[in-house]
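First chain written, first letter: the chains are A, B, C, D, E and F, and each begins at residue 1.
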Amino acid sequence: MKLSVFAVLLQDQPFDKACEYLASLGVQAVEIGCGGFPGKAHCDPKDFLAHPEKIDQMKATLEKYHLEIAALSTHGNAVHPDKAVAKAFHEDFENAVLLAEKLGVDTVVTFSGCPGGCPEDKTPNWVTCPWPDDFTNIVNYQWNEVLIPYWKKEAEFVKAHGVKKIAFEMHPGFCVYNPETLMKLRNAVGPVIGANFDPSHLFWQGVDPVKFLKAFPDRIYHCHIKDAEVTLDGESGILSSHFNFGDDRRGWDFRSPGHGQINFEEIIRELNRANYQGPLSVEWEDAGMDQWFGAADACAFTRRLDFAPAGALFDAAFKK
Amino acid sequence: MKLSVFAVLLQDQPFDKACEYLASLGVQAVEIGCGGFPGKAHCDPKDFLAHPEKIDQMKATLEKYHLEIAALSTHGNAVHPDKAVAKAFHEDFENAVLLAEKLGVDTVVTFSGCPGGCPEDKTPNWVTCPWPDDFTNIVNYQWNEVLIPYWKKEAEFVKAHGVKKIAFEMHPGFCVYNPETLMKLRNAVGPVIGANFDPSHLFWQGVDPVKFLKAFPDRIYHCHIKDAEVTLDGESGILSSHFNFGDDRRGWDFRSPGHGQINFEEIIRELNRANYQGPLSVEWEDAGMDQWFGAADACAFTRRLDFAPAGALFDAAFKK
Amino acid sequence: MKLSVFAVLLQDQPFDKACEYLASLGVQAVEIGCGGFPGKAHCDPKDFLAHPEKIDQMKATLEKYHLEIAALSTHGNAVHPDKAVAKAFHEDFENAVLLAEKLGVDTVVTFSGCPGGCPEDKTPNWVTCPWPDDFTNIVNYQWNEVLIPYWKKEAEFVKAHGVKKIAFEMHPGFCVYNPETLMKLRNAVGPVIGANFDPSHLFWQGVDPVKFLKAFPDRIYHCHIKDAEVTLDGESGILSSHFNFGDDRRGWDFRSPGHGQINFEEIIRELNRANYQGPLSVEWEDAGMDQWFGAADACAFTRRLDFAPAGALFDAAFKK
Amino acid sequence: MKLSVFAVLLQDQPFDKACEYLASLGVQAVEIGCGGFPGKAHCDPKDFLAHPEKIDQMKATLEKYHLEIAALSTHGNAVHPDKAVAKAFHEDFENAVLLAEKLGVDTVVTFSGCPGGCPEDKTPNWVTCPWPDDFTNIVNYQWNEVLIPYWKKEAEFVKAHGVKKIAFEMHPGFCVYNPETLMKLRNAVGPVIGANFDPSHLFWQGVDPVKFLKAFPDRIYHCHIKDAEVTLDGESGILSSHFNFGDDRRGWDFRSPGHGQINFEEIIRELNRANYQGPLSVEWEDAGMDQWFGAADACAFTRRLDFAPAGALFDAAFKK
Amino acid sequence: MKLSVFAVLLQDQPFDKACEYLASLGVQAVEIGCGGFPGKAHCDPKDFLAHPEKIDQMKATLEKYHLEIAALSTHGNAVHPDKAVAKAFHEDFENAVLLAEKLGVDTVVTFSGCPGGCPEDKTPNWVTCPWPDDFTNIVNYQWNEVLIPYWKKEAEFVKAHGVKKIAFEMHPGFCVYNPETLMKLRNAVGPVIGANFDPSHLFWQGVDPVKFLKAFPDRIYHCHIKDAEVTLDGESGILSSHFNFGDDRRGWDFRSPGHGQINFEEIIRELNRANYQGPLSVEWEDAGMDQWFGAADACAFTRRLDFAPAGALFDAAFKK
Amino acid sequence: MKLSVFAVLLQDQPFDKACEYLASLGVQAVEIGCGGFPGKAHCDPKDFLAHPEKIDQMKATLEKYHLEIAALSTHGNAVHPDKAVAKAFHEDFENAVLLAEKLGVDTVVTFSGCPGGCPEDKTPNWVTCPWPDDFTNIVNYQWNEVLIPYWKKEAEFVKAHGVKKIAFEMHPGFCVYNPETLMKLRNAVGPVIGANFDPSHLFWQGVDPVKFLKAFPDRIYHCHIKDAEVTLDGESGILSSHFNFGDDRRGWDFRSPGHGQINFEEIIRELNRANYQGPLSVEWEDAGMDQWFGAADACAFTRRLDFAPAGALFDAAFKK
């Protein structure tokens, strides 16, 4: 698998400088932020589509540093109950698809989004309990009247532009946040929807990332390497994550890969077994570590981690 | 401590029959449902206040079966974003307080409630994640503009009518759902707010019920005996509780006391240490067990459980 | 579910006395040993079929003590490599089926049996490792040339005589010893084959009895209540069970129900969820406990254990 | 301790090339396959004994790469119930002993073998359960009539040819598969029999490798470095190892050293405490990893692992 | 085994009343306090020896309530560095032995005692660390110059008076506090020294009570039934037991039997396996439970616990 | 944080050679032994104070190898019951303070010491149990009459000489051995007393080192990097540490950092969160590892371990 980094980590740097730095860490591919919450400092699809020379320039930079594009990403909320907000995220997504078409990239990474609780609401309403009945009613509204219709429409758009995979990051705060909700949407919309497999979001929910890979080996469209730590101490509570990252009243937190509790050894074995050939894309986030130390450390960790499956290097040691 | 049952379990029965049955199980007190979601079949405060003879009749029935009132309960959502819904729950609460005053009951049990995400919203929005920023903004709105003002006002009302304790059940789906949010509200409103200590809601969040009792021994205003089981299997996830109770895709479920994973032995020790003298009120809920089997089993379990602290029965064995 | 006992435990007693004793323990049904390793002291089918008055006498005894027949059992090895041994077990099984037909019993409990490693062998060869290749070859021979043909033939015989369920006890020492091998045989032979669910044999192998029930809720044809304890201490090893029961060099041992590590609470919940209506049949075996103490203790344990599912006793408390 | 590799991993390569590669990984000794199941591609003892110049050539190659001989190995089944098969393995073993004599090697590694269940059987019958009685009878036959007589005879042969240690690999599928069976054979035959300590076979049985070392510090005649992972998930079962390696229905599997669950840190400490001076011989097997990646990784892991006991390097840092 | 209670629990009551109460709980034997720390309210051996009619009276009382003597106990410190204190405890012990002789009781229960750190010291010095060297020197002094000589002498005294067993309670605060120190003293003094097996003191040290029984089945001279709970929470520490019992800053505490973490099921199995025929003597201590509730609860628990080993009641169910 | 080594490990070497070696391992600071049990081979404060040129020489050596002074250490027992012993340790401590003043070092590391059990005793008496009452009396004497008065006096001395921090190593065998006793002394004496945080001593007591850091982030005056392993096996017992280090009858032992069970990852995170800027000083002790291997390994481990907190290296990657 190819070592990738989600390059928004370096968005304060010019793209060339960011690439130079990543290449120095042994990175082979970049996941490029094209909008949504993480922003589009390196690559604004609308702008690039309007000025194709910028596309060529980006390609040239990548070539200079021997980097591939792992995927384009727009982690937004295109079904936000505030119409203006929704529109901006929606355009980010569609522009990213159009740019992907131009670049020959077959995967766009995004969130499912989260609507309000009813048509009149103005705030996203993420539901994890069935009672009082308000909550069950909200879930029914969100899925049947907003989420499924929206993504059916977008699936058509995506297919019309040659993009083969929408890789949803199962992420708390959005309707698709675990394997069950991902499969519910896929079943409703079609196989263009699959997973951006990011074990950090599954782990602390009690979902076993390896079991997910075993159950859906053909639906892994992208992979984030990100770690997490459950820090429950009897006081904090797993639902206390309304506190910000790094606050030790939370019940869990993100960690630089290898510094948390996720069993990446078994993940690599299972990705190999699933014949996953896509990138291992480091999405770095750790409130307790310097980001430059962390970025280098994470890349080194991921390189050590990624061993080839049986037979992959057959006779390599002697044939060279 | 006194063995109590939250009598809405028997609301299909006339109050006299329900009391007769409970007395036959050795129950010493009843928690009476006076509105909110569980209903007021046995006791509608508004009606009782208008017809004082009904109060006398209830007292007579209780006396007949040697039962005390453990507390009055109105588990509603008085800050519901739908004004009409909010009003009904609000009136339930205030009427329950007025009835408590008449009955000389010093504790009313309820929920904190859960507003919408902004003034325009129509659905309650329960937040457990800080990001995207929508969620942090919602929390700030809910607490500062709705929850704290409302309960400050109600605290005055309650005190004006001789009720000493509002016992909030920390319950997912409402703003007060764990020790931290309970203490946040108490700190803002005052010591009239304390806990309806129900370990079943804390346990599956990863909050240790015993640690809560150790930390806040003087804030235990009421106690529900209810068990829970975490049933994580690597697939379900602790946030999968949007499925209904009894559905095995959930990550946890309620259990009849003694049939789950809660360590009631340590809870009794800590309640004794805290010198808690209130009721142990069985709130029975178990999707996998017959309710009549369960009610009797739960009362027997709670009776066996409730041992006296050191010295409580001093010389009792020989003085009788 | 009905409380049953596998009556070979009492085979030193006349059948009437055994029934009297069991009835005194609250037992509602008996599983009757009709041959195989545990013997047929109470009921030799061949003899009963030849002397129908013995059938009537047994029925009368059962009626006298208000006992039903839970199932007929012949735990033998009808595919034993020693032809004479195989024949005796084979006849036990077929005679039990014929007797079941006469009694209107729809379930016969047995083992799959275990052949030799090749046609010339004289000893049963139970395989649990794939290498050296001898072992893989043995497995292929046993299943393809002996086990499947034999049970296809017997399935016809059974169906011809009105018995609906062959309940295989998954048991080490025989080819069907875990869920995978049971399903392999069922897939080859047909739905007449299901499980005698005995959690004690699954537990120490690391197989979760509850997961088995979740996976195959419609294939539970009978149920043994028997407990086990894994006693690994770093020296013994799980494969050290070639030592006899009660020898503390073993890595596990049988236990009287409730005295081992099996979670019967979850088993009852899952049997209820699967709508299992058959018997809970105590097969008592515990090398560290007196059998009379144990039998009574096991029946009391099983009675306490067996709670009704939600709704089963609806209104029972008030309708009586 | 010396870093060794069991060189059959490289038997597709000429011996010189294999040695060159191993030396490049920092290997200091080789365990040479001389027959049995793993084969004798690099060194056929019969052939070498007949052509002594081949012995000289092998010695020269080893010297060229500064490699010692860790041990000669013939992992066969010399008591196989098929006489012809048994004979071939028997000759492999005796020839290996004769070659060891010539080379001045004092240790030969092998298996105990596994007979049939009775004299007429044609397949090896490995027993791990005591019941039905067939199995107990088989064990008695195998040990008393086959295994002990055979190894008593071979012990004489071995001693007559100057080999001091027969190192049995405790291995499922053979009569000696755990500490208890190893000690049973040693007690019957004499101290020429000891352990090829390979923790991977002990670990998944629930046997603690470190406890074995503590109990028998003077019986460690050779040491394999090989890891294992117990992968029980409630469905697979520890006895499901009749599936082939790499099949995820198994309950355990082999792993490249450091990629499994074996605590090598404690093993090294205990080997040091036992004053073990022999080789640490990597026997590489991992169905989920490329063998060339794995071989290099395993050697690096073992080098890092092998720290000196207290005092071993006394003043070394300053005396150089 | 016989159900016994260590009767100092009831020493505020006259002996007759205490016996009456115990008999009402089903108790079959009493362990009588004859001095040491727990006192001699019921039975002062010196006084009894001087007034034999008191012996007869005690016997008559015991007979009246069908109670046997389980053992005489003097839990003192006969090697206390303060000579006067030591003398009193020493006389308690010897008088208890003389009284045991008169009563035909073969077991006296006591502590090993704890000397000072050197001949000049005035306070007992209990050592659990080897460094600084002060502590190692103290241990050597205590054992070689005080403890062993004293108990060698007492062993002679005991044997001269027909008492066969000195049952030492392994107890922190005294030199004999775990299996190793008990065996060290027994090895030095002789087989008259064995264990008062009290699992509560072993458990929290990390010593497995069952392993002790397996290792020394013939050295169990008496048995206390007492439970304990390790309450470590990351703050308290296992050495924080200098706080008094019931203080929650301790790392462990005593519990009424069945209310702590000790696995009594396995203890009963192992006592049965060891063929232990002595009493199960409840020594009740629980800072969080009323003692009268606790005493009755502990006796009921111990009665339920004590099942007979295999074969003990053979045919009992039918022979009566 | 700065990598330091407690240099008494190298006291057989001249100071210059020791420094040269440490610098070669990447060490940035040294903790210098100035008396107490570990000795003062490199630096005898009394001698240095008398011959200031030795101070200059030491400074020159440190400068030559770019080493700072992490702290001066005198791990003695200044309240030893033997007056002569106490005096020597007392003078070590005060001389170290005077030297620190000269060197501008603000931290002196030491032990609290341990008195006898009463004024007449001659041996230190370390108490960890409350009963018999002897022990509670001893604790009261030690703290009120010896420990608190002594350290109040020394606090004055220390402050008079410009040393800001007395860093007590919480160490079994001395009165301050866990967080509770450290805080008890600090509360009595003042904020000049804080922790030499050495997780190895806390861990095996069941005290969570990370919880200590969370509770007292402002009281970490120094930090030792030392690992430990709890080796309880059911026989050894956590109090069996009266055996010497390396003896496997102990229940725990010290380990080279990274070779034990301490979670240093979380410790570094918490030290960063506490804004600790002091040294990470390796105090190497491991009875199962060669010390030269271990010293180099420990320094490499600590270097890898010590990552910067969020923001610490901001833009460093690009600004250089």
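What we mean here is this: a contact is a pair of C-beta atoms (placed from the backbone, for glycine too) under 8 Å apart; a residue touches a chain by one contact, two chains touch by 3 or more.
As the structure is a prediction and not an experimental result, all values here were calculated from the model.
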{"item": "Common touching chains of chain F and chain E", "value": "none"}
{"item": "Centroid comparison with chain D (C-alpha atoms), farthest chain", "value": "B"}
{"item": "Chain pair, B-C or C-D, that carries the greater number of C-beta contacts", "value": "C-D"}
{"item": "Mean-CA-position distance for chain F and chain D (Å)", "value": "46"}
{"item": "Intercentroid distance (Cα basis), chain B paired with chain A, Å", "value": "40"}
{"item": "CA centroid of chain B to CA centroid of chain F, Å", "value": "51"}
{"item": "Shared interface positions of chain E, touching two or more other chains", "value": "211, 233-234"}
{"item": "Interchain contacts (touch definition) - all pairs", "value": "A-B, A-D, A-F, B-C, B-E, C-D, C-E, D-F, E-F"}
{"item": "Contacting residues of chain E [partner chain F, same complex]", "value": "37, 77, 80, 116-118, 120-132, 134-139, 172-173, 177-180, 202, 205-208, 210-211, 215, 230, 232, 234-245, 249, 251"}
{"item": "Touching residues on chain B, where the partner in the complex is chain E", "value": "211, 214, 265, 269, 272-273, 307-318"}
{"item": "In the complex, chain F residues that touch chain D", "value": "12-13, 17, 21, 233, 246, 248, 259, 286-297"}
